[in-house]
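In the two complexes that follow, subunit A is the common piece, with subunit B as its partner first and subunit C second.
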Partner chain A sequence: MSSGHHVPTIGMCVRVWLALLVLTGFTIFIASQDLGVLNTPVALLVAITKATLVIVFFMGVKWNTPLTKTVAVSGFVWLLILFFMGMNDYLTRGWLGVAGR
Partner chain B sequence: MSNSTSPVSVAKPHPKLQSHFFSMDQQLEASTLGMWVFLVTEVMFFGGLFMAYIVYRHMYPHAWVEASAELNWKLGGLNTGVLICSSITMALAVRAAMIGNRTQQLINIALTSILGATFLVVKFFEYKAKFEHHLVPGPHFDPSLEQGMQIFFSLYFVMTGIHALHMVIGLGIMAYIFIQAWKGTYNAEYFAPVEVSGLYWHFVDIVWIFLFPLLYLLGAHGA
Partner chain C sequence: MKEADVQQEPSYLGAPYGLASWLLTKDHKRIAILYLISITIFFAIGGSFAAMIRAELVTPQGDFLTADLYNKVFTLHGVVMIFFFLIPSIPATLGNFFMPIMIGAKDLAFPRINLLSWYIYVVGATLTLAAVIMGGVDTGWTFYTPYSSISSTTNVTTAALGVFITGFSSILTGFNFIVTVHRMRAPGMTWFRMPLFVWANYATSLVMILGTPVIAITVLLIAAERALHLGVFDPRIGGDPVLFQHLFWFYSHPAVYIMILPGMGVISELVANVSRKQIFGYSFVAFSSLAIAIIGFLVWGHHMFVTGQSIYAGLVFSIITMLVAVPSAVKTFNWTATMYKGAVVWDSPLFWVLGFMGLFLIGGLTGLFLGAMGLDIHLHDTYFVVAHFHYIMVGGGVMAFLGGLHFYWPKMTGRMYSEPLAKVASMLVFFGFNLTFFPQFIVGYMGMPRRYHSYPAEFQVFNVLSTAGATVLGAGYLMILLYLVYSIVKGPKAPMNPWGATGLEWKIQSPPITHNFHETPVVTEEAYDYLHAPAPTREVTHHE
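Moving on to the complex of A and B:
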C-alpha cells in the first residue's frame, strides 16, 4: 500500500490566499454601498465563498476520504437546520393568536 | 530500509504507529476524522451564538446597525487580513511537515504564531476603546443606549471573546508543535499532529470570516 498523501503546492496556497484577500476587500467595499436589503445576503455569500475556499483547499477536505467529507458537511447542514427551524419559530409567532394570551 | 537476512522478513512498524491501527495511513485518517467530529461540535457551539444573533437582529434591526457603526471596521478588516495570512502560513507549515522539511515547518509555525499574536494585540486595543466608551456590559454600561444596542454589545463580546479564547488555545497548540518540529518529530510518514492543528487553526479563521461582516460591516454603509 503506497502512502499517497496529497501534498498541496505552494502555488495553490498562494492563489487561495490571494482570492481570500480580494474577497475581503470586496466585502468591505460592498458594505460601503447601500444595496438596501441585499447588503447582508451579499456579505454572507462572500463569507460562505471564503469559508468554502478555506475548507476545501487549506483544510484539504478535497483530498480527504468520503467519510471525512460527509462529517465535515454534516456540521454545516445541522447548522442550517438550527437556523431554519429557529427562524421558522420566531418569524411565525405573530401569525396566529394564541388561546389565553 | 535495510535488507534483513532473516527468512521471516517483517517490516518494522513506524515507532509512532499506535498498536490499534493497521497502518500510518489509517492512523492519519482516524486523526483527521476525529478532528472533524470535534470541529462539528464547534460549529454547533458557535452556531448557537449565531442563532441568537439572527433572532435579536430580527427584533432590533435599527439598533443593530447603530451599534455596529460603533465598531472599528478598519481594525476588524486588518484582523481579517492578519488571520488570512496566518491561514496560508499554517497551510504551508502542514505542507512542510508532509515533505519533512524541518526549517520550513519552524518558519511557518513561527509566522503563524506571530500573526495570531498580532490579531490578539489588535483585539486588545479594540476592547480597550470599548471600555473607554462604556460599551462593555457591566456596571459602567452606557444606560442611554437605544434598546437592543446593549444586546448587540453583549453578543459582540461573547462571540469575539470566545473566538479570542480559541486563538489563545491555538497559540498554545502552535507552541507545542513548534517544539516537536524543533525536535524533528514530523516527517512524510508522521505529520498528523500538524495536520489536525492546522484544521483547528483554519476553523478559528472561518469563524472570524463570518464574525467580521456580521458584526463590523453592518454600520459601514450610510453611517
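Moving on to the complex of A and C:
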C-alpha cells in the first residue's frame, strides 16, 4: 500500500522465516506426542502464532495504517462472533429443559 | 443559466458508442446500467416463478403443479430473487451510479474490479440458470441439510456453485465501496457531510465483506459434502445438520440488511427532498446504519428456535433481536420527524416514501412477533413468516429501489417519465402488495404452513385474495417497466435538478459526463441544506 513507508528488512524477514520453520518443526514434533485434552489447543496455538507472524510481518500489517490494522483485526473478530455465538448454543444445550424433549 | 453550455458535453451514455464499449467499460455509471438490465431480467424470471406459485395456490388441490415441481418453483423464486435481484439491486445499480458522484469522485476506487464484479455476477447467475434448465433444484433457497446434502437428487451442486460465485461479486462491490468512501472523497466532503445514502451503502459494504465469505464457504461445503461425503453436516459420520443453519444464517440474517440498508439510504434522500428539510438527527440516522450492520450479526439464531438449538441460546438471540429493532426505529422516527412541519410536496417520490414507510413498519413490527420465542413456535414455517419477510424485502427493499429509481431516473437517463403514471403505478404496487401479503399474515396465523402446493379448503379465500393482489402488483411492475422504457425513447429531456434537490449529483448535467465533474468539486455545505436548495425545475421542462 502506498501509505506504508517502512518495509521489513531482509534480516527481519529471515528471522520471521526461521521462526516459522522452528514452529513447523514443533508442529511435527507435538503431532507425535499424546498430550491428551491439550492436543487440539496446543496445535491451534502454534497455528495461530504462525498465522499471526505471517500477517503482521510478511503481509506488512505492522507498518500499515490504523485502517488496515482495523480491517485485519475485524475479520478475525467476526470469526470469533461466529464461534462464540455458535458455542453459546452447542455448550448450553443441557442448561434449560424443554417439556417433551 | 450555465446549464445550457454544460448540456453540450456528450454524456456517459453516448461517448463512446458500440456494444464493446459498454461490455468493456470501466465507467461506474455504465456498469450500474449493465447491472440494472441484468437485475431487471432476473426480477422478471423470479416474478414468473412467483406467478406460478400464486396460480397453483388459487385452489386447495395441488392441480397446476406437481408437488416436486412446486418445490422447485418456490426454491428458484427464492434463489433468483434474493441472490440475483435483491442483494445487488440497490448497491450495484443506484449505489454504483451515485455513490462516487455523491462524494465528488470521478469513479470508484477500482473501476476494473467493478467491471469484474459484474462479470462474476453474470457467470454465477448463468450457472444457476443452467441448474434450472438441467431440471431445477428443490431444497428451498435456504439449502437446509440434511436434505440438500444427502437426500435431494436435484441440481443442488450447480445452484450452490452459482450462489458461491455470485458471492464474490458482492464481496468485490463491498470492498470497492469501502475503499472509495475512505480514499476518494472530494475536498471538504467530510464524513458527516456525506449523504445518508453513502453511509447506508458503506454499512452495507461492511456486511457484504464480513458476511459473504461465510455463505460462500457454507454452500461450498454442501457441494463438497455431496461429492465427497465429508461428514460436516451428516450426523451418521459425526456431522451436525444444525451447524449448517448456524453458518447459513450467520450470513443470511445480515443479508436481509444488505437488502434493506441501501433502501433506507434511498429513503433518507427522498424524505429530505419531499419535506424540503435537513434530515432530523442526521448523525443518529448515519450511525444507526452502522449499528444495524453490526448488531445484525448477533441475531441469526432467531431462525432456529424450533431446531435443536439450546433454549438458552434462543433466549440470547431473542433478546438481541429485540435490540436490533432499535436502530430501525430510530430511522423511522427520524424520517417522520423530518416530514413533520416540512413543506411536503405531492411529487411521485413522496408516494414511494410513504409506501415504504407503511410497509416497512408492518414488516418490522411483525418481525418482533417472530423474534419472540414462544410465539415463533406457533408461527414458524407458516405463511406469517412469508408475509413478514416479503413486507421487509419487497415492501421495504423493492419500494425503496423503485423510489430511488424514479428519483434518479432523470439523472441516469436524462429523460423525464410521466409523473401521473408514476403516481398511479406506485399506488397499484402499494395496494397490490398489501392485497397479496396481508391475507398471508392471517392465514399463516391460522396455521397454513409454507412450501406446500395444496392446503385445507378453509384457507382458500385468503389465497384467492393473495393471488388477486399479486396480479395487481404484477400489473404495477409491468406498467413501471413500460413507461420508464418509453421515457428513454420519447420522454422530455430532464433538467439538471428536476426535484430541486441538494447534493453534488444534482449540480452536474443530466445525464452526467463520463468523468462526472469538469473539475473536482470543493464541498462547503452540509448535507441536505434545503434552506439554500434551488426550486424544483420539473414543471418547466421543454418537450423535445
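The definition used in the following text is that the second predicted complex is superposed on the first by the 96 of 101 C-alpha atoms of A that agree within 3 Å, B and C clash if a C-alpha of one lies under 4 Å from a C-alpha of the other, contacts with A are read in each partner's own complex, and residues count from 1 in each chain.
Quick note on the criterion: a contact is a pair of C-beta atoms (placed from the backbone, for glycine too) under 8 Å apart; a residue touches a chain by one contact, two chains touch by 3 or more.
Remember, it's a predicted structure, so these values are computed and weren't measured experimentally.
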Based on the superposed arrangement, let me know which partner A:24 touches: subunit B (first), subunit C (second), both, or neither? first
For this session: Please work out whether A:75 is in contact with subunit B alone, subunit C alone, both, or neither, and reply first, second, both or neither.
Result: both
Review point. In the superposed arrangement, which partner chain does A:67 touch: subunit B (first), subunit C (second), both, or neither?
Key: both
Exercise for the section: May I ask you to decide whether A:37 touches subunit B, subunit C, both, or neither, giving the answer as first, second, both or neither? Expected result: neither
Considering only touches as defined above, state whether A:14 meets subunit B (first), subunit C (second), both or neither. first
Once chain A of both complexes is superposed, is A:93 in touch with subunit B (first), subunit C (second), both, or neither? second
Between subunit B and subunit C, the one with more contact residues on subunit A is chain B
Subunit A residues contacting subunit B in one complex and subunit C in the other 67, 74-75, 78, 82, 86, 90
Within their complex, subunit B touches subunit A through residues 23-25, 28-29, 32-33, 36-37, 39-40, 43-44, 47-48, 50-51, 54-55, 58, 73, 77, 80-81, 84-85, 87-88, 90-92, 94-95, 98-99, 188-189, 195, 198-199, 202-203, 205-206, 209-210, 212-214, 217-218, 220-222
Subunit C residues touching subunit A in their complex are 182, 210, 214, 242-243, 246-247, 250, 297-298, 300-301, 304, 308-313, 315-317
Given the complex, residues on subunit A that touch subunit B span 1, 3, 5, 7-8, 10, 13-14, 16-17, 20-21, 24, 27-28, 31-35, 39-40, 43-44, 46-47, 50-51, 54-55, 57-60, 64-65, 67-68, 71-72, 74-76, 78-79, 82-83, 86-87, 90-91
Per the touch rule, the subunit A residues reaching subunit C in their complex are 67, 74-75, 78, 81-82, 85-86, 88-90, 92-98
